[in-house]
Each structure stands twice: as structure tokens, then as C-alpha cells.
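Step one of this worksheet: look at the structure below.
Chain lettering (A, B, C and D) follows the sequence in which the chains are written, and residue indices restart at 1 in each chain.
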């Protein structure tokens, strides 16, 4: 198909309408299409999903190589330019630059790993096909956002991701909680998206084009003239980003999203949905630097979410939710990375952290999924000591947690430290935003250390007996998820320090872990996990590559040292707190009611519910009003009937009445003639 | 045309009286008489105007004769109908409601 | 002074006029011929119609005059519109005669009825062409008085009551009309409806005032015959009482006469501007609304048709609220379409009444399931009703509606136009009632008989007429010229 | 090729009339005959429409000179998509009617009325003469009335009669008002030709009056808030095929009329009225969305969503910009396809359930009948404006268009309208997910999914219809270009005329 002239082997440049950038999206789309059209069997579905998501990854990698060798097409067309008149041109083209390429690869990689893992995780699920398709579509949407050079395409991918998250979270739709979580996730993000359309309208109509490059060009020039418009547009965007990235005040949908199967959580949290906000703002970061208001708002939102989420993460009783909150916190970190960059700088800091976060967070979620299958549950009681039997799992979880905590030289450390450095540097230069960011960053560094430490301690805690009672108390994973965490906290059977129940004397038989031992993912899945783990370790080297343009040569050694010391101290503190607790849970020292309300996310949900209630009340009022309107219309016949009855009474069948009518008419007509004359 | 005022007034009176008769009377024959009065008013007006204007065709007088003739024809039909009514009802009360079929 | 005569031009009037005398003679010579009279009447009327046809040709000069006095005052003139109206009157008269043909009545009555129909048709045909007060008044009454007798002749209590109502109203109205004529004469000083006399009169404020008064009186007098509200009280009574063909006669032929008479005046007063004619707009709005509303609750077929006539009369005079030659044509066009549709409806009712018995045709409910019982009748009736509604597939009705609203919208009488729109809606509601019954549950009469062949042919012809005119409305509308 | 111009509308109309008239008793025309006849007629009509769409023939002849009515048939970029959609939907409707033929009358009458409605729709999009347009507009009324009144929901005869009556009276009132407007315009312009109407020398004031009249008249058909109250009734009662036609054909006639009779010939009037009409449109969007959040009857809910979507179309039309017009025309077609799909599915569900009450708990559709549930999901996802499906482009672009309105319309106010419209999109998501949560996800009590009933799923014609419509929805969403390019040329001309 390809002649030599069309394919340059050195730069891999490809003179052909179909570019790797297209393939990165299309191959992922092919998964749902093929699965829904071709097959009805899970095994075939897995074959398709695995193959095509790998191909998609391959396409992304090819694109990366092209990019490095300078053979990539900068802005390939997608579905063609829309003819919308002279007022605006809608190129709908893609845009390939180094950052987007990197993110694309990361997305493809995570998605592939998730596909591999899902097969094992949902082996006996009748709806595996739908799940795999949704994952494919989800990845495609994210790749579209990453690679798009047109705000409308961004919008397309953006909304599609929301929809896929709805499908994935609601996968086990037999469970009311899953249904509710899916509904909540979609509605909350959709509400936050309402301003997005407006913001994009402002930007693109101002620039008379929806192409990102044109928008950047126009607004960089017109920033002084139309500063307010720019700020308004950016605020709209930030609102939408806060929604998708679960920042304040939209944060509460994310922990609920844990109702979805763990692979879905991995996908949503690691690479795709929550990261999309960072990607989009990264594309427009030059505009962000032009509007201080927007930067401050972004920094505030990110800082508050970051710190608050860190606290909540430490107090969570469900470790999966702990990871969820940590995601919120980490995404806030990325956004700060965008907020603190100085002018004439690109979004590398944020993107770098996005990449590293993608690696270790995917790893952690998949591991939690694995463990949750092993111990059938994700609460502290279940997972306490789960790692004691699986060295492999232990290694990977350790790597993941270290990366999350930002311990050198793991990837998390590199990316996070770069942001902290930048914030410090600009803070010293006297940039207000950077100062807020720096303060928040310090808190977060410590909080992260705290909750990672706590999680680690729980996981490696060595007591078997308590888990028995928990297992008696909750039968299987479905129920675990249905049991209100808070109830579990309050009415668990009391046990003493050695885990013997205070109220029962029967001998406790230790659980036979044989049936647990073989519960580990297949080779493919494990390979994916190991790959992620590897990248979490060495991914930091990426900053040395020309792909990322970050200033790594002058690290602020003192700052690093100080933060490491503090982290160590916090770790020690947590260890001390955990000593003597039943499940090795440091948070157990915190009063119960605090933990309870923290597990509820400080009851933000009730606010959402109240909001929804008010809307429904309004809706009821409107429909009542409409009934009134309708009844009014329907009363017209009756009205005419009464008129007719009146008229009928005038028509006595007497000749005289006719005569009277005639003379009346004569007079009336006469008057009319005279008056109007 | 001051000397034409009197006939005009008479015309008005006749027409008014006739109309009143039509409205006030219940007996069909009296109603007929009322109509006759109104027609007479019309005829009078014709004559008056005709006498005032010089018309080659003597339209005024001719029209009066026309009106009288038509009136006669009407009365013929009217009496016939009234007779039928009297046969059917036994009275010729105009204020009595007709029956629906 | 000597008159010029153009017998061919006078033929449409002369045929029925002489015919009526002829019938009387025949009856005197050979009494008790019964329905033969009707046959003769029909033939004569059709002959008259045939005589009128040449006038409809576009080539015919417009208007065509006769009975001219030197220098050039003509007492008889027909333009295209006039010819169209004459044709309608004659054909409808013929249809009435044919409808009455199979109906069994006392033999001596048939002759009288036929005579009266002929006379009245002659009057209707003549008033179209009358150009002077005298013949105008005479022809008008000639068209009216026989109608009263015709109603009364069905010697039933209801018929007599109807006749009484009709009689009294018509007498008073005639008196009013005569008064109006007299005022007109007083204002213009001439007995001719000549435009220049009116123009001359309208220049002098006094006589102009009188003229307006005259027009108002005449309009009031004629409104009774067109049965505009509030001069309509006789309509349901007379329709309900009279025999069905006579109802058709009242609904169509005498309406033609009335509109023709109105148009004669209208042509004269166009120079006055709309002032005198605003009254017509109001009357038409009133009649449309009241007629539709009353028809909404009416349960008797004939009274229903009467009310529909009232509302349709409103539509007929609607264009006359504006002053233009277009208005005249539109009114005439609507009247013709209305005439066709109403005639067809009456044909169906008559046929049914004759086959199943009157009591099975005078109640709307007795039309239940007619589609399955007598599909031919049902489809024809449905077409007629759709035409009156002005909804497709009866395109002709829709076109008529367009024609009627056209002048009003053109001269931007918003209020009137909107009232017309509302009444279009009411009209649909009205006729849908009957349509629903037609397609609804079946109700069989006790002893249904086959349709009389004459009626059958008439029904088929009527249906064909509606279909053809719906496909090519032009063929019907060109009667009133371009 | 001119023959195609006649064949497209006349094939269904003639066949329909033949069926209705020839239908005297159950015995006279069997259901199968009726089905075959109508299918053949519709296929012929579809073929003819395609020929017309490609060949663009023109026919212009004198018809009724007395009222200046010409027989002028032609198509342009604006009417071609509507023409094709109407014909295609017509075929689908006939197929669907074979699958689900409601009681209440004979099959011949049912199919006949369907064909008449479709033929009327096709004629509407073909004629280029204002008065013939009115004629074609009226053609659909009586058959639609019969469809609702006789073949509607069997449960409540009185409600049936009321719905049918409300529909026909409302629409007649609207179209007669439209007629008044048309006549005024044609009187001023001296022609009844749609293209020629633009040459009317009316002053802005008069234009405003006429435009108001026309917008009220057409707004009833569209329907524009607050003239909408006939729509939910009619949809709730009408048989499935009737609802599909109502949504996919009749409503489109209204918007098409707005484009042809108001936007094109009366730019000044529209410019003055645009803020008010736009406000009504946005109120309709919000209103419909809110009602959908609490509506219990599924069919009513879909009908209400139509009100909301047509609000977007009107908003785009009123914006007076190329992008707004393009968006409106796109949203018009998109709504036709989507609502047709939704009504097909929902009608099927109502057929299976016996009623369409959302409060009665049922087994989750995704387990009972996967095919229907897939169609349902696609339909509602599209109706909430999800990208990749037909609903997205029209609505987003309509908001874009309203953000910078053309002419000297009040920009600030239109921006407010745009914001509220985007909120309307959120509401759409709200009710769409509400339905999916109740119907697709199933009842609140959990447990393992019950085993699916193969009998409950879509088969044969129904499956064919729903899948074709779903495919159309996806194609329109993924490749909006096919539609936008068709309309763009005509829209540019239109804008040039308006800009005079």
C-alpha cells in the first residue's frame, strides 16, 4: 500500500492521510464497534480488546518516535472542516506536539494494562463485553482530547469521557449504590461542563476560529484589549476542569465513583478523566499566564482541594476511597503545576506530574483491585495484613506507595519536586499565586507521606484473627460494598489488642489461605502491572530527555532535604500512632465521629442532594403550571358552550324576536355607518 | 329646500311608526300594517324627491308605483301564509314560539 | 324614446320567467301532470344556463349591456362576475328541480312549486344584471316572495312556522331596503346605479351623508337575505321547516340573488371608500362566529346546515369589507364554491331522506357509519364538508378560503383577518363533528331503500364536480373572471 | 426527471387515498395488501426523492391564477435533507406499522392515513409557492386527526378525542394565521413565489406585524412555548407510527416554514422579534427539560424533550447568523432522526408493557431485551446532546450562534439566552439519565440480573427500524459534514439575501 516515496524510514514520516495520530484514536474506537458488531462471547471480546488496545498503544509509540525524529505531521485533519460561514472556521484538526504525544503514550499504556487486568478481574462477568467496549471508547475519547488541536474536538472527547465514566461506574447496575454513583458522577461533571461551552464559545468566536493555535494567537494579542472576556472564558474553563478533575466544589463524585469495578477506577483516576482537565489547561496555559485572576482562582481551587483531600485520604476507612482522595490531591498538584508556571513557559511541569501520577496510580489501583479480590473487600478490616502473603504484590504496592509519597528517586519525587521548586522560586520572586501554592504544597507533601505510610502499615499489618470475624460479618464483596462504611465503623464486634473478641471465647481457626493463594491475575495482567511498576521507578529519567523541557539542572537541594526530613518525621509519627491499634490503622487514634464524617466526605453529598431536591421541586412547580396552562386551553370548548347557551336563549323560535333582532341590527349598522363615515 | 322639510318629517314619522308597529304588535295582520306604513314612507320619499328633481324618466313617480305594486304582491303572499298559520295553529300570534321538527 | 333589445343576452332571465308562466298554462290545460312540471322546469333552467354560458368566455366583452336608452344608460348589464352568478343561480335552480322531481307530493302542488322555483330563479338571475332601482327592487322581491311561498307550501306546522318567520323578516327587510332605495334616489337624484351619479353625490357633503345612510339601509335590508347576524333569525326555522330541496333552494339560489343585489350596490359605492362598508366587515365577523358556535351544538341536520349557511355567509361577504374589484371577484368566487359544496351536501341529505325516510336524515346522529352503509353518499358528503372546511383533499374549498381572506389580508385589516382565522378553526371543529359521525359507529335505519336513480346520478355528478374542481380549481373559479 | 417531482409526493398521496376510499369493510382490503401497496408506494417515493435530490429538477406552471397559486416544484440545499429524511422515515414508518398495527380501524385506513401524512410532508418540502405550501401544510391535518382519533391509545376514548381535537384545531388556527401572513406578504410583493417574497417593499413596522403573525402561526406547529400544549397530548395518545410522523415530519414542516416564510423574506421583522422569540425558545428549552425531570409517562416525556429540542432550533434560527442557521437546520434533522428512534423504541416498550408509566417497577431492560435497550441508550444519549451522536452538533453550534447574534440584535440578551440554553443541555442530561436509570438499569431492588426473555426483544421489522435509525443517529454525529455541506450553499445565499 505504501510506496517508498511515501514513507521515510529515517524520520518515520508518513505521507498518507491516515497518520499514527489518527490510529491512536481510531484503533481504540474500533474496540467497541467490533465487539458490539462481531462477537457475543467474552473470550473473543478480550481478544479484540487486548489486540486493539495494544495496537493503539503501538500507534501512540510510533507517533512518539515520529515526534522525536521530527517526522510527525503537526496538524493532521480529522473529519474535515465544518462550513459554518464567514464568522468562524472550524478546522477540527488534530495537533501533535511533544507533550500531547507523551500523554498519548501514557494513556495508551495505562489503558492496555487495564484491558489486560480487566479480563482477569471480570472473568465471570456476563457484561465483560460492555465493559471492555466502554474502556475502549473511554481511551479513545481521552486520546482525542490529548491530540486534538480544536476546542470542539476537545469538547467531543470531554463529554464522551463523562458518558463512558457513567457506563463504567454504573457497570454493576444491579446495586443501587452503583447506579447512584454513576448518575452522580455524570450529572455533577455535566453541570460543571455547562460553562465550558460558553467559555469555548467566547474563545473561539473571539478568534473567529475553533483551532487552538488560532485561539492562542488571537488572544495573546488581544489579552490587553479584552482582558475581562479572556478571564471570563478561563474561569468557565476552570469550572469545567474542576468538575472533571473532582476539585472543590465538585470533588464529591470521585470517591463515590469507587462503586465501579477497580479497573474502571484505575482508568478514570490514572490516565483519563481526572487528568483531562490538566491536559486541556495545559494546551491553553499561555492564556492562563495572561490572566492573573484566573491563575489565582485556579491556585486557590487546587490548593484547597489538595489539602482537604489529603486530610480526607488520611481519615478514610476504605482504602480504595483513600486512593480516590489521594487522586484528588494529586490532580490538584498538577493544576498547581500549571498555575505557578511563569510566562513564556509551557505546561511541562503539570504534564510531567500527570505522567508520573498515571503510572503509580494505575499501579496502585490495580493492585488494590487484586488484593480486594484476594481478601474480598477494600475496607481496613479486610485489607489489614493483606500483603503478608503475596511478596510480588508487596513489592509492587511498595513501589507504588513510595512513588505516591514522592520518595527519591522514584518518579513521583521527580515530578513533584519540580513543581515545589518552581513554586518556591516564583514565590521568592514575589508571585502571590506561587506563595499560596507553595504553602499548600508543603502541607500536601506531609499529608501524602502520612496517608501513604498509614496505608502501607495497614497492608503489612500481621494479625489474622480479626479478619475472620469480619469475614463472618460480611459475606462477599458485593455486600462489603453495600455495607455503609460508617455503620461498619460503629458496630463492629469489639476486639482486644490481640484481636480476640471481648465477647466470645470460642477458639478462632485461622483462615486457610490456600484458596486465596491461587487468586492472582494471569500472566498478561501481571506483565502489565510489572511494566507500570518499572516505569514508576525509572520514569523520572524522562525529565532528562528532550521531550520534557523542564529545569532539572538546578534542584533546590536544601528544600529537598528539608521536605525529606519532614516526610520522614511524619512517617515516624504515623508509625507511632499505628502501634497498638487493632488493624495497624494509624487513623484509629482519631475520634470516631471525625472518621465517620470524613468517610462521608464531610457530608458534601447532602448539599448536592439538597440542590437536586430544589431543582426537582422547581420542576414540579413548572409542570403544575403547565397543567394550569393546558387546562386553560381545554376549558375553551366549555367556554364556547356557555356562549352558545346564551345565544341559544336569544333564539326563541318566535317571529317577533327575529323582528327585534332585525331592527336592532338596523340601528347598529346605521350607527356604524354614521360614525365611521 | 325648506318646503321639502314637511314631507321629510312625515317620511320619518311614518317609518318610525311603522317600525314601532312591527315591533310592538303581536297580531300578524297588524304587523303587516306596520310594514305597509314603512313602505308608504319609502313611497312618499320617492315622490317627494321626484318632485324636487327634474328627471327624464320621472323616476320618482315610477318607483312609487313599483313600490306599491310590490307591496300588493307581498300582501297577497303574506295573507296566504297567515291563513296557513291560522289553519295550523288556530291563532296568528307572532309571539308564539314555532315548534321544532 | 326606444330601448334596444338583445334577446340572447336577456335569455337567462327570460327562460325561467316565461317558463313559469308556461308551467301555469300547462297546468291549466292538463292538470295533475305531477312531476312532469319539475322535469320541464329543470330543462328550462338548464336551457337558461346554456344561454348564459357564452358570457363566461374570456373573449366575451365585459360588461355586456342591453336595454340601453340613448345616450348610453343601460338598464341591463352583466360582466364576468355577473355571468358566473347567473350561471350558479340557474344551475342550482335546476338541481333543486331535479332533487324535487322524485319526491311524491299532491299533484296540484308540484306545478305551483315548480312555477315558484322558476320565478324565484328568474328573479335571482335578473337582479344580477339590474342597473336601475326599479328593476333591482322588483327582481329582488321576485327572488324573495316565491321562496316564502315555497317554504309555506310544505303545509306542516314546522314549515308554516318557518314561513311565518321568513315572511315577517323579509317584509320588514324589504321595507328597509325600499327606504334605502328611496334615500339613494334622494341622494343621487337618479334611479340608475351609475358611478358618476354616486361620484357627483359624494362630492356634496349633505347628499353624501344621505348616500351613506342609503347604503347602510340597503345593506341592512339585504343582510336578511344573505342571513347575516343579526338578520339571520329566520334561517334555522325556515331550513328546519321546509322540505329538503327547498332548503337547498334557500341556501343557494336565494343567496346568489342576495349577493348579486349587494354587488350591484357595491359596484356603485366603491367611490365612497370603505366608510360605508365597515359595517359589512362587522356583520361578517359576527355571522362567522355565531354561525359556527351555534352549529357546534346543533343536532338536527337541516338546522346544522342553516347555521353553517350563516357562518359561510360571513365568509362570503368578508372580502367586501375592503373596496376593490378584487373583493367583488373574491366574494363571488367564494359564493360559487360555497354553492357547489352546499348543493352537494343537500343532494346527499335529500337522497338519504328520500331513501330512508326524512326522520332518518334530519338527525346528525342518524348518519352514523354511513361510510359502511352507503359509501358513495358518505364519501360525497365528506368531500362537501371538507370543501366547506377548506381542508385538503378538497382543494377547492381551501382555494376559496384563500380567495376570501386575500383582500382582507392585502389591505391589512388585522382584526378581521384574525377573526377569520379563528373562525376557520371553529369551522373545522363544526364540520369534523359530522365527519366523525360519518366514519363512526354504524346505525342502520329500519327499512332502507335503494337511492332513486335521479338522486344517484346527482350525487355522482356532485362528487365528480368536487373532485374535478379540486384537481383544477381554475375550471370553477374562472367563471368569475380574472 | 420532472416526473420524479410529481412521483415523490403523489405516489404516497394517491396510494393513500386509494386505500382510504377503497376501504369499506375489513374484507375489502387485507392487511397484507395494504402493507405491500404502501411499502411499494413509499419506496417509489423514496427513489423519486433521491432522484430529485441529485438531479434538482424544476417545474413551474400556472395552477390557480385566481389566487396566484402556481405549481412550482423544486428543491435546494435547505429542503433536500428534509425531503430525504421524510421519505426515508416514511418507509421506516410503513415497515414499523406492519410490525405494530393498532386496533380501532381497518389496516387499509391506517396505512392510507400514514401515506397521506407522509405525502403531505414531502409536498411541503417540494413546493416553492407560498400558497401551495399552505395547501401542502393542510394536507396532513385530516389524516393525522384520523390516526390519533381512531388508532390512538385504546384506554381512554375521551382523552383520545380531546387530543385529536386539540391537535387539529391548534394546527388549523396556526396555519390559517400563517395564511393571513402569506397573503399579506404576497400582496405586498406581488408574487407568491417563495423566492420572490423577499422582494416585498414592506416597511419594518409592517414586516414585524406580518412576521409576528407568521411566527405565531408556525410556532404552533413547531411548537414554540407557550403554544405547545397540543404536542404532549397528541404524542401520548397517538399510535407509535403516528408519533414518529408527528415528530419527524410535522414539526419539521413548522421550522421549515419559519426558514422559508419568516427568516428569508422578513429580515427586519425577524430582527425586531428575534429577542422575544429567542426568549420563548429558551423558556421552552428549560420548561421542557424541567417537566421531563418529573414526567411519569414515558411517551409524554419524549414529547416534552421534543419541545426542548425544537427550542434549540428556534434559537439558532433567530440568531440571524450563518452558524446559527446551519446549527438550526442540523438540529432540525437530528431531532427528526432522534425522536423517530425514541418514539419507535418507547412505542415498542409501551406496546410490551401495556402502559408507559415510569413509576411501576420493571426488570432492567438491559437484561430483558438488549437490542431495545441499546437503541434506547443511543436515543437518549443523543437526545442529551452527547458528542458522536446527532444531537451534539446542532445544539452546541446553536449556542455558539446565539452568542454573537447577527444584525443589530441585542447581543447581551442573546448571551444570557445562550447561557440558559447551555443549562438546558444539563437538564437534558438529567432527564435522559433519569429514564435510563429507571428503564435501562432497572428497578431499585438489587440482586443478580434476571435471565433475559428472548420474546421481549426487538425482532424483524422493529429491529430493522430501530437499528437503521440508530445508525443514522451515529452517522450524523460522527460525520456532520454530510449534512452541513448540503445546507451550506443555500444558507449562504439566504444570508446574502438577508444582508441586503
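In this section, a contact is a pair of C-beta atoms (placed from the backbone, for glycine too) under 8 Å apart; a residue touches a chain by one contact, two chains touch by 3 or more.
Chain by chain, the UniProt names read as follows: A = NADH dehydrogenase; B = NADH-quinone oxidoreductase subunit K; D = NADH-quinone oxidoreductase subunit M.
Just so you know, these numbers come straight off a predicted model, no measurement behind them.
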| item | value |
| --- | --- |
| Of B-C and A-C, whichever chain pair has more C-beta contact pairs | B-C |
| Most central chain, judged by mean C-alpha position against the global CA mean | D |
| Averaged-CA centre spacing for the pair subunit C and subunit B, given as whole angstrom | 26 |
| Averaged-CA centre spacing for the pair subunit C and subunit A (NADH dehydrogenase), given as whole angstrom | 79 |
| Length of the line joining the C-alpha centres of subunit B and subunit D, rounded to whole Å | 63 |
| Separation of subunit C from subunit D, taking each centre as the mean of its C-alpha atoms, in whole Å | 43 |
| Residue list for subunit C, restricted to those that touch at least two other chains | 161, 164-165, 168, 172, 176, 237 |
| Subunit A (NADH dehydrogenase): positions in contact with at least two other chains | 653, 655, 659, 663 |
| Per-residue multi-chain contacts in subunit D, two or more chains | none |
| Chains touching one another, given as label pairs in label order | A-B, A-C, A-D, B-C, C-D |
| Subunit A (NADH dehydrogenase)-touching residues of subunit B, taken from the complex the two chains share | 19, 22-23, 26, 31, 94-100 |
| Subunit D-facing residues of subunit C, complex | 329, 333, 371-372, 375, 379, 386, 391-393, 395, 398-399, 401-403, 405-406, 408-410, 412, 414, 417-418, 420-422, 424-425, 428-429, 432, 436, 439, 473-474, 477-478, 480, 482 |
| Residues of subunit C defined as touching subunit B within the complex | 133-134, 137-138, 141, 145, 148-149, 152, 155-158, 160-165, 167-168, 171-172, 174-176, 178-179, 181-183, 185-186, 189-191, 237, 240-241, 300, 303, 362 |
| Residue ranges of subunit D in contact with subunit C within the complex | 17, 21, 24-25, 63-67, 69, 120, 131, 134-135, 138-139, 141-142, 145-146, 149-150, 165, 168-169, 172-173, 176-177, 179-181, 183-184, 187, 206, 209, 213 |
| Of all residues in subunit B, those that touch subunit C in their complex | 15, 18-19, 22, 28, 31-32, 35, 38-39, 41-43, 45-46, 49-50, 53, 55, 57, 59-60, 62-63, 66-67, 70, 73-74, 77-78, 80-82, 84-85, 87-89, 94, 98-101 |
